[in-house]
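Next come two complexes, and both contain subunit A; in the first it sits with subunit B, in the second with subunit C.
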Partner chain A sequence: MSVFMDLNIIAIADKAKLQSTIETAAHLGYSTVAINYVVEGQQKKQLIPKPQPVAELFEKFPIVQGKSRPIKVLNRLTVVVTDASHFRLANAYKDFDILAVFPKTEKLFHAACMTYDVDIICIAATEKQPFHCKRSPVNGAIERGVHFEISYTAAIRDSTMKKYTIANAINLMTTCKGKNVIVASGAEAPLEMRGPYDIANLGLVFGLSEGDAKAAVSTNCRSVVLHGETRATALGIIHTMKRPQPPSEQPEEETPAAKKAKTETD
Partner chain B sequence: MEEKSASYERVVYKNPSEYHYMKIHLVLENADTSISAEEFKYLIISGLKDLYGEVGAAIPFDVLTFDQTALSAILRVFNSGLVKLWSALTLTGSYANKPCAFRVTQVSPFLLALSGNSREMEV
Partner chain C sequence: MVRLKARCVRTNKLFFPCFVSFLDGCGACVYVCRYLLCEVCVSQRSKLQLLEEKAIFQAVKSAVAKAHGEYGAALFSIGSKVTYLNAYTGVVMLRFRKAFYQLLWSALPFINSIGPQGRKVPCFFNCIYVGGTIKTCQKFLVRYDRQQLYRMLPHCKTGAEKQEVRRAVQTCSHSFYKATQQEDDDDDDDDGGEEGEEEETIVL
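Let's look at the complex of A and B:
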C-alpha cells in the first residue's frame, strides 16, 4: 500500500506555526506533505515567491507515526489564473516540486486540462464553481495524468463553505467518475488537519467509492509527485542524476580475484 | 474397520457485529477547557446536524466512556450510521467558537480491539 500524503499545507510567515502543522501531519500519519505557495495573477507583474529551502525548516524532521522515518516536505506553487496571460510557460516555476493551477473560468479550465504543463488542477472550495466540469476536458486531463484537487479545510471552517465544497466535489466526481482525484487539507493551523483515514471516509461523502477515496490520499498523491518530477526531465523519459560515489575499493585487489577463483575450483 | 472419510466444514465468518466502536479524542486550542460528557455528546450531535440536518441528528449512537481529563471517548454506532458519524466528526471544526478537532484513534467492530493500540506499542 502506498503511503499517505497531504499535498496542500499553506505556507505562512509564522514559522513556528508551520512547524507545528507539519508536526501534526507527521503525527497523524502523513509521510509526505507539500508546502503550498499561492500566487494571485491579479497584478501586472507577477511575483513568483522563492520557496524556502526545506532543509531550513527543521533541524530534525518529525518522525511519521508508525513508520519510524522522518516526514518528507515538498514545495508546491499554486497559480490562480483569472486570465490566460497569468500562466506562463516560464522557467520561473522550476523551483517547485509540484505545480498547481486554479482556473477561474470555464475557458481557462479547459486550457488547464488540455494544454497547461501542471500537476494539479484545483477545484474551488470557498465559492460555487461558476462553471460545470465538462466531460471532454476532464477526460483530457485524466489522459495526461493531471489530477484534480479538493481541499477540505474550508469545509471545516464554515458551514456555507461546507456546502460549496461538497457541491463542487460531487459535481466533479460525476464527471471524472472518481479517477485522478486527490483530497488535500489546505490547512493553516494544526487543528485544521485531519487524519488520512478520516479523509478516506470523507471521500465517501464526496461521492467517491471506498477504493477511490483511499487512493485520493495515497496512490493518486504519489502519481502527482512523480508527475511533478517528470516535469523537470526530458518528456519524462530521460532523467539524469548524480550517482552517489560508492565506497572506493582498491582496484589492485580486484584483478587477482578471478585468478584466485580459478585456482580454488581446480 | 471402516474409516470414515474426513469431512470438512467451511466456516465463513460474517461480521456478526451490528455496531462499530470508535475511540476518539477531542483536541482543543486551549488545553484546560473543561467539558462535560453532556456537552461532549451535544457537540457531536450538533456536528451531525450541521452536516446531515435533522435526520442526521437522529442517528442513534452512544458514548460508552468519556474521560474528562484526556477528553477521550468510546462511541458505539450502528454500522449504517458509521460513515455519517465519522464524516460529521471530521468536519466538526469549532467548539464554543474556538477551533477544535476530533482525532479518531481507532475504529473497530469489536470493543475488545480498542483495549490496545498497536501503533503506540513500543517494540
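Let's look at the complex of A and C:
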C-alpha cells in the first residue's frame, strides 16, 4: 500500500491558482499535500504568518485519482535561519501541522539536526550548499526522526538550478545513505507538479536506490506527518484540546446534575 | 534487425508484441522493451489537439539529450519510439529498451513544453503505467479511461452532458465485459484496444 504525499506547495496569495495546483495534485494521485508558508528570518522581529484555515480553501475537496476519498491539505511553515536567534521555541509555531527549517550555515545545520524540534530540514536547491553534510549531525537527525527534504521545482525551471539540486542531493545521499529523505515539489503553479511515479524514478538521479526513492514520496512523508502530530502532543501520547461547547449554559446544567448525582449516592 | 523491422511494419501496429524473439541461424535474438503510458497534462484541454507524434518524439529526444548528454542521446536512438498517441485524452505510449528505460524516463520530468519554436504548448508528462507488452498497457488504459469517465460525472453541468457521460460509461463497461469474455474464450483478442479507443471518442 502506498499513499503518495507532496509536502511542499508554496502558499501564494492567488487563491484560484492555489486551488488549481491542489486539484492537479489530486489528479496526479497525491492524497496529502501541505501548503508551505516561508518565513525569512532577516528581520529582528519576524512575523509568523497566520495559516489560512484549510476548510476555507475549497467548498468541496477534489477526489484523489484512484482513491475514493478527498485530498487532505495540511499547513506547513518553513523558517529560513541565517542566525541562531531566528528560530524560536516551538510554541510560536503550533498553528502549523508541519514545521521545517532551512539552515544556511554549518553551525545552524548541526543545531537543526541535533536540537531543534522540527520535522523537516530543507536542503538548498537554488544554490550550491556552502557546507558539507557531516556524518554525525545527519546520523543524529535520523535517530531523532527528522527528515531531509529535496525540492525539485527549481531543477525543472532552470538547468543551472538542476546542477545545484543534483549536486546537493547526491552530497546528502552519500552521508545519509538514502535514509530519511523526502522529495517534494515546491510548486507554485499547476504545471510545475510532477507525478509520483516520475518523482520516484527521478530519485535515481538524486542517488537514491529504487526502494528508497519510492519511500521518499510515500512512507517517509507519512512519518513526517506523524512526527508533526507528535510535536503538538506530549510525546504523541497525551493531547489536550479546548472543549468546543460554548461555556454560557454549562454551569446551569452542571449544578443540577451534580445534585442529582449526590441524591443518588445518598 | 532488418527482419525485426519488416515484421514490425507488417503486423498490426497496436498489437505488435514487445517480446520479439526469432530463431536465426546464429541463435536467439531477444529485444525486451518497456512501454511507458504517459498522460500529457496541459492547462487547457483544447490544446491537446495540437499534439503530434513527431513533436512528442522531438521533445523527449531533446529532454534526454539535455539531461544525459550525448550518452543519453545515443541510448535514446536505439529502439525508442512513440507507439501510440491519443490526442483526445492526451495519452502517449513511449517505447524504450528495458536495459536503460529508467535512465531515459528520468529525463521526462524535465519536459516543460511540446511543439516547435513559437507554437510551444506548456505541459508536463505524468507517467501512469509501465508495461512490458502493449497488451497489458491497453488493458490498463481501458480501465483507466473508464475511471476518468466516473470522475467526469460529478463535474457535468448540464443534464445533457450527464446523460452523454452516463451512456459512455454504460457502453464502455458493456463492451469491456464482452471483450474480456471473448478474451477468456479464445486467446485471439483484437477487441480490447479498439473498444478502448471507441470509448474515448464517444466522450469528447
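Keep this in mind: the second predicted complex is superposed on the first by the 237 of 266 C-alpha atoms of A that agree within 3 Å, B and C clash if a C-alpha of one lies under 4 Å from a C-alpha of the other, contacts with A are read in each partner's own complex, and residues count from 1 in each chain.
Following the convention adopted for this analysis, a contact is a pair of C-beta atoms (placed from the backbone, for glycine too) under 8 Å apart; a residue touches a chain by one contact, two chains touch by 3 or more.
Source: prediction; values computed, not measured.
Aligning the shared subunit A places subunit B and subunit C in steric conflict.
In the overlay built on the shared chain, the residue A:C176 is in contact with neither subunit B nor subunit C. Of the two partner chains placed around the shared chain by superposition, subunit B and subunit C are both touched by A:A155.
In the superposition on chain A, A:I22 makes contact with neither subunit B nor subunit C.
By the document's definition of touching, both partners, subunit B and subunit C, reach A:G195. Contacts of A:G66 after superposition: both subunit B and subunit C are touched. For the contact definition in use here, the residues of subunit A common to its subunit B contact set and its subunit C contact set are 28, 65-66, 152, 155-156, 159, 162, 191-195, 197-199, 201-202, 204-205. Contacts from subunit A toward subunit C in the complex involve residues 24, 27-28, 63, 65-66, 152, 155-156, 159, 162, 190-195, 197-199, 201-202, 204-205. By the touch criterion given at the top, residues 28, 65-66, 152, 155-157, 159, 162, 189, 191-195, 197-199, 201-202, 204-205 of subunit A touch subunit B in their complex.
Of all residues in subunit B, only 27, 29, 50-51, 83, 86-87, 89-93, 99-101, 103-104, 107, 119 touch subunit A in the complex they form. Subunit C meets subunit A in the complex at residues 41, 43, 66-67, 102-103, 105-106, 108-110, 112, 122-128, 130, 147, 151.
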